[in-house]
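The structure under discussion is supplied below as C-alpha cells; questions concerning it will follow.
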Amino acid sequence: MFRLDAMRIVLLVLLLAGMQVFAMLGGFFGQEIVAEIAILAILAISLDLAAGFGGMVSLGHGAIMGVGAYAYALAGQHGLTPWPAALTAIAASGVTGGLIGAVSARMQGIFFIMATLAFGQMIWAFTFSARWLGGDNGMGGIARASLPFSDLSQPMAFANYALCLLLAVFLLAAATLSTPFGRSYQAVHDNAARAAAIGLAPRRIRITGFAISSAIAGVAGILAAQHMQFISPAMMFWTTSGEVLVVLILGGIGTLTGPIVGAAIFVTLKYWAAGWTDHWHLVIGALLIAVILAGGRGITGEAERRLRHAFR
Amino acid sequence: MKARHRPRDRCCGRSMMLDVIDLTAAYGHAQVLHGLSLRLEAGRIHSLLGRNGAGKTTTLRRIMGLLPHQQGRILFAGDEITGWPTPRIARAGIGYVPEGREVFTALTVRENLTLAGRIGSGDWTIDRVMQQFPGLHPRLDAPAAVLSGGEQQMLSVARALMTSPRLLLLDEPSEGLSVQMTAVLRDVLVALRDQGMTILLVEQDVGLATKLADDVTLMSRGRHCWAGTAAEFAQAAGVRRRYLGA
Amino acid sequence: MKPFVFSCLLAFALPAHADTTVGLMLPASGNYAALGQDIEDGFRMALQEAGRSNIRVIEADTEADPQTGLTLARKLIMQDRADVLVGVVSSAVLGAVRDVVHQAEIPLIVANAGNSDATGKDCSAFITRVSFSNDQLNRPMGEWMAAQGISSVYTLAPDYAAGQQMIAAFSDAFTAGGGEIVGGEFTPFGKTEDFGPYLAKAQASGAQALYVFYGGADAVSFVKQYDSFGLRDTLPLYSVGFLTAPLYLREQGTSAAGVIGALHYLPSLDTPENEAFVDAYQKAHPDTLPSEYVVAGYDAGRLLVGALDSGAEGRAALAAALPQVAYTGPRGPLKIDPVTNNIVQNVYVFETVEGPDGMTHQVLDTVEAVRDPPNGCAME
Amino acid sequence: MTAFWTLQVLNALQHAALLFLIAAGLSVSFGLMGFVNLAHGALYMLGAFIGISVAAQTGFWVALIAAPLAVSAIGALLYLCLLGRVARLGPMPQVLVSFGLVFIATELVRIVWGDIPLVLDPSAALAGRVDLAGATYPVYRLFVICIGAAMAAALWLGVNRTNLGAALRASVENPGMARAIGIRTERMFLLVFTLGAGLAGLGGVVAAPITAANPGMAVSALIPALIVTVIGGMGNIAGAALGALIVAGIEVFGAVLFPAASAVLIYAALAVALIWRPEGLLVAKGAR
C-alpha cells in the first residue's frame, strides 16, 4: 500500500524546488526543459497509477495522452476557452481509458500489455492518416491557458505553471490511493482472488483505476499541447508509451516520486547525451538494462530502500 | 557435509532412504512448512498423514525441488540433495506422482512414458510397466487427454516408474478412483515395495493409507507431530483423534 | 549530472564571439538521420567555400520529433540568441516550430520539409524555403505526363500528409491536362514493406502508367519489387524523383532502369556550376554523388552567405535580405519568390538509365523557373 | 480476374512465410518460458544486415546459411548472459530489458551499416518470373513461400514426431512436471531460444531481397510478429503457422478490399483475438 511518508514528502519538495531553481538559473532552455520534465512526469505518474499500483502495464498511454491533447486542440478550435477545453480533454482521455479498460481489464500480464498496444496503435494509425486532424503534419495554433496573475506565454511562468500542475497531479494521485477506493484498487492488484473473496469487484475496480490513470494522462496531453502549441501523432506511437515505461522503471515504479526522478533523468539525458553522441538511445538502453538487473527498483526505490536501512 | 551425516549410522542398522530435517517452505509470503522432519526407511511404504492444509503436498513439492529452497536439509540415500534443481533430483532416483495426475495431455501415452524413460537406470521399460498396468496397453498411442481419470492416474504412476526411481512420492493417488482402480493401485504399490522400492504416500483415505503403510508420520500446521510404525499408529487412538479427527 | 548540464548551459549563454550565429536543426538520429547528415555536409561546404570564419554553427538534433524540435528551436532562439535557423527535415517539426519562429521574428531557412502549406496558407515573412514544395515537384510532372499523351494513371503513395499532398498536386495537374486517374491507393505508412498486393492492383487497373511517391527504405523496396514483378513492360513507372534519387540508386541498381521522375536537382546535370560542385563534394566524399539533400543544405548556406554579403546583420535584416538572394547554383538558376518565400527553380524530368559507371539520371526535359501559386499565402 | 486473385493469394502466402519465420521463435519461447522478447525483431534485423554483408563477400547461398547461424549464436549469447536471468523476473522486466536491447541493436546497426537502406541481390538462379495459373510471379517469392513451408513442415515434424519435440511439448504444457521427470528445461529454453533466433535471422536474410534492410525494421517487424503469436496461440508451431496465414491474409486482402481501413485492420484483429480468445486460436496448454 502506498504511504506518503516523510521521506517521500522530502524528496518531492527537493525535486520540485530543484527544478524551480534549475528553471530560474538555467535560462530559457532550462525553463523549456523543466516544462518538458513536468509533462513527462505527469504522464509517468499516470502510468505508475495503472502499472505500479494496479498491475496494468500499458503500452497505450501515449495514445491516451494524445487523445487528451487532440481533444483540447479541437475544443479550442470550436471556440471553447482553455479551461473548459481542458475539462473536455480530461473527460475524453478518461472515457477512452475507461473503454480500453473495460475491454482489457480481465486480461493479465502480457495479454493486457498486448491489448493496450493494440488499442493505442489503432488510435495512432487513425490519427496519423486523418486529414481533418492534420495527419502526421499535426495541428498548430493551440492556446495556452490564461491565468489572472501570470502571463503563461513567458517560459518561466509556464515552467512554474507546469510544476504546479505536476504537484497537483502528484497530490491527487497520492490522495486517490489513500481513499477507500485506492486501497481496494491496490488490494485487487496484490491478490485479486482474495479481494473478490472480501466482496470487491476486481474488474470494475481495475476499469475505474485505469480510467483515472487515463484522465491524468489527459492532463499531460493538455499540458503538452499548451507547451508546444502544436500537436502531432508522434506522441501516440507505441514507442512513446514504451519510453514512459522506461522513465517509470528508471525512476522507480510504485513510488509516485520515482516518475518525477525518472522524467528528470530521461529528459536531461536526452538533451545532454544528444550533445555528444548521435546514439543516445544506446545509453538509455544500457541504463535500462542495468536498472532491471540491479533489482528493478529504480533509482527512487533503491534510494528509499537504502535510506530505510540506514535509519533503522 | 555428506560424510558428517550418514543416516545409516544412526538408526538401528537399517538404511535410511530419505531424511528430511527442519524443512521450511512458502508460497510467496505464505509460510506453509515451519520445520518439518521426516525419516523414511528403505524398502518400506511410509504414509504421511494430516488434515487438509497441513502441508503434505507442499512437503512433496519441496522434496522434488519444485519450490524455492529456504531452510532445512534433505538427504536422499545418504546424499545431500538440498537445493538441487528438480531435474537432478529426478535423475538421482526420486519419482513423483503429483496430486491431480498432471499427465502431459498434449502427448500420447507412449510419449509420456518414453520421455520419462530417458533418465534413470532403464530398469523399467514400457513392457514392464504395461505388466503392472495392463489396462493402459490398448491406449498406448492415444493422446493422454482422452484417457479417463483412472487411466490418467495409472499413467501418472507408470510415468514415475519409467524414471526407475528408488523412492516414489505419491500425492493422493486414490483420489477420484473407482474401488476396482484403487485395488489395482494398492496391489501395484505393495508389489513395488516387495521389489525393494521405497514409497512415500500422501493419502486422504486414512483407511487405505494405514492398511498399506509400514510406517506413519503425522503432520499438522507445517510440522511433524507424531511418527511410528503402522502398528503403533493403530494403537494410538488419541493421536488419531487429535490430529485427524478420526 | 545536473551541475554538468548547468555548466554546459552557462557555456552556451556566454556572449558570442562570432558575428552570426546559426542554429542548425537537423535529425542526427532516427529515420531521417541520413538526410540530416547530407544537409549538414552541404551547408558546411557552402560556408567553407565562402571562406567565412565569423559564422558560428550550433547543432541541434531534432530527430523527427516535433516536441524535441520545438524545445531546441526555443533554446536556439532564446538562449543561444541565434540570428538564423537552418534545417528542418520533417514537416511535422516544421509545423511545430512555425509559430515560434514567426513570433520571434527570426529567419528560418528550410532545407527540406516540403509541406506546401508552409509557403502557402501558413507562410511567414521569416520562413524561406530553398528545398522544394510538394506541389512544386508534382504539378510539373502531372502536366508533363499529360503532354506526353499518357491518358490514364494509377497512383500509389504512403498514407501521410506529404504523400497525400504530392498525389493531390499531381492528380490535379494531370487531370487538368486531360489525363484520367483510374485508381490509386495510399499505403499504410511505416508498415507497408510488401507492395505486392498494391502492385497487383495497379496492374489490374488497366492504367497506362503508374505514378508513385516513396522515399527512404520504401523507395528501395518499391523499385526492387516493381522490377521483380516484371511490370516494366506493361506498366511504366513514373514518380516524384525521390524514388530513384542518388541516395538509393546504388542499392536499387538496374531495377531502377527506365523509371521516370521529376526532381529539382540531379548530380548528372551538365552545367559548369554543377560540375564544380560535384568535384568539390567528391573531394570530401570519394565515389559518392551529392544528393538533392546535400544541394539543399548547400543552397541554404549560399543563401545565408549571400544575405550576409549584402550587408545584412541581425534577425530582421537577414529575414529581409534572404529572399533577395538569387544566383545560379548546382541546380541551375535559383531565386526566392517574394510572394511566398518559396524557391523558384527548374524542375528536371529525367529517366533513370544505366550508364558506364552504374546507374545515372538522364534529363528528358526541363521545366524552367517553376513557381508555386500563393495558395492562400498572405504575408503581413 | 482469376490471375489477379491468384497473384494476391500468392502474395498472402509469401507474406505469411516471412511472418511465420519471424514469429515461430517468438511464439515458442513465449509459450515455453512465458518470455516476451521484444528484441526478436532486432534479431530479424540482424539477420538481414549480416546476410547482406556475408553475401557481399561470398554470395547469396552462403549468406542464407551463415546469417541464421550467426544470429543463432547471438541469440544464444544473449540468452546465456542476459535474457535467461531476466526470464524469471516476470513480464514487465522482460518487456523492458528486451526493449532496451531494441534501442541498443538499432543504434549498433546504424553505427556498423549506416542509415541508408540496403538490399540483398538473390542468386541469379532465383531471378526472373514464372507463369502460374495465368499470373506472372517472381521466382524469388515462390522460393520464400517454399522456405516458409519447408521450415513449418520441418518444425512441425520435429516438435510432433521426435523425442526432443515431445520433451518440448511437455515443457510447454507443464514445466514443473517436465522437470520432475528429469527434463532439463533450462537447456530446452536455451535450445528453443537459439533456434528461434536462427529462424528470425533466416527470416531477415530471406526478406532482404524483397524489402530493404534498415535500422527501423527492428520495431516495424516486431508488431506483426507479436500479433501472429497472440492470434495463433503461444508455444505451438501449428498455431504460429495459422496465425501467420491469418495476419498475412488480413494484410493482403485488407489492402485489396478495404484499403482505407488497412492501417487499422491488423490492430483491430489483435484486439478481437484478445477479447474473443485470449489464449489464442490453437492452444498448447492443457493442464495449466
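Labels A, B, C and D are assigned to the chains in the order they are written; within every chain, residues are numbered from 1.
Please note the rule applied: a residue touches a chain if its C-beta (ideal position, glycine included) is under 8 Å from a C-beta of that chain, and two chains touch if they have at least 3 such contacts.
Just so it is clear, the structure is predicted and the values come from calculations on it, not from any experiment.
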| item | value |
| --- | --- |
| Labels of chains that are neighbours to subunit B and to subunit D | none |
| Common touching chains of subunit C and subunit A | D |
| Chain nearest the global centroid, as defined over all protein CA atoms shown | D |
| Reference subunit A; chain at largest CA-centroid distance | B |
| Between subunit A and subunit D, centroid-to-centroid distance (C-alpha), Å | 33 |
| Centroid distance [mean C-alpha coordinates] between subunit D and subunit C, Å | 36 |
| Distance from subunit C to subunit B - Cα centre to Cα centre, in angstrom | 76 |
| Centre distance in Å when subunit A and subunit B are each reduced to the mean of their C-alpha atoms | 52 |
| Multi-chain contact residues (two or more partners), subunit A | 125, 128-129, 278-279, 281 |
| Of all residues in subunit D, the ones touching two or more other chains | 107, 110, 263 |
| Each pair of chains that touches, named by its two labels | A-C, A-D, B-D, C-D |
| Of subunit C, residues touching subunit D in the complex | 29, 31, 33-34, 37, 159, 185-194, 196-198, 200-201, 203-204, 216-221, 224-225, 228-230, 247-248, 251-253 |
| Touching residues on subunit D, where the partner in the complex is subunit C | 1, 4, 7-8, 11, 14-15, 107, 110, 114-119, 121, 129, 136-138, 140-141, 207, 209-214, 216-217, 220, 251-253, 255-256, 259, 262-263 |
| Of subunit C, residues touching subunit A in the complex | 1-2, 4-6, 8-9, 12-13, 28-29, 33, 61, 64-68, 70-72, 74-75, 78-79, 91-92, 95-96, 98-100, 115, 117, 122, 159-162, 164, 186, 188-189 |
| For the subunit D and subunit B complex, residues of the former touching the latter | 163, 166-167, 169-170, 172-174, 176-186, 284, 286-287 |
| Touching residues on subunit A, where the partner in the complex is subunit D | 51, 57, 103-104, 107, 109-111, 113-115, 117-119, 121-122, 125-126, 128-129, 238-239, 242, 245-246, 249, 253, 278-279, 281-282, 284-289, 292-293, 296 |
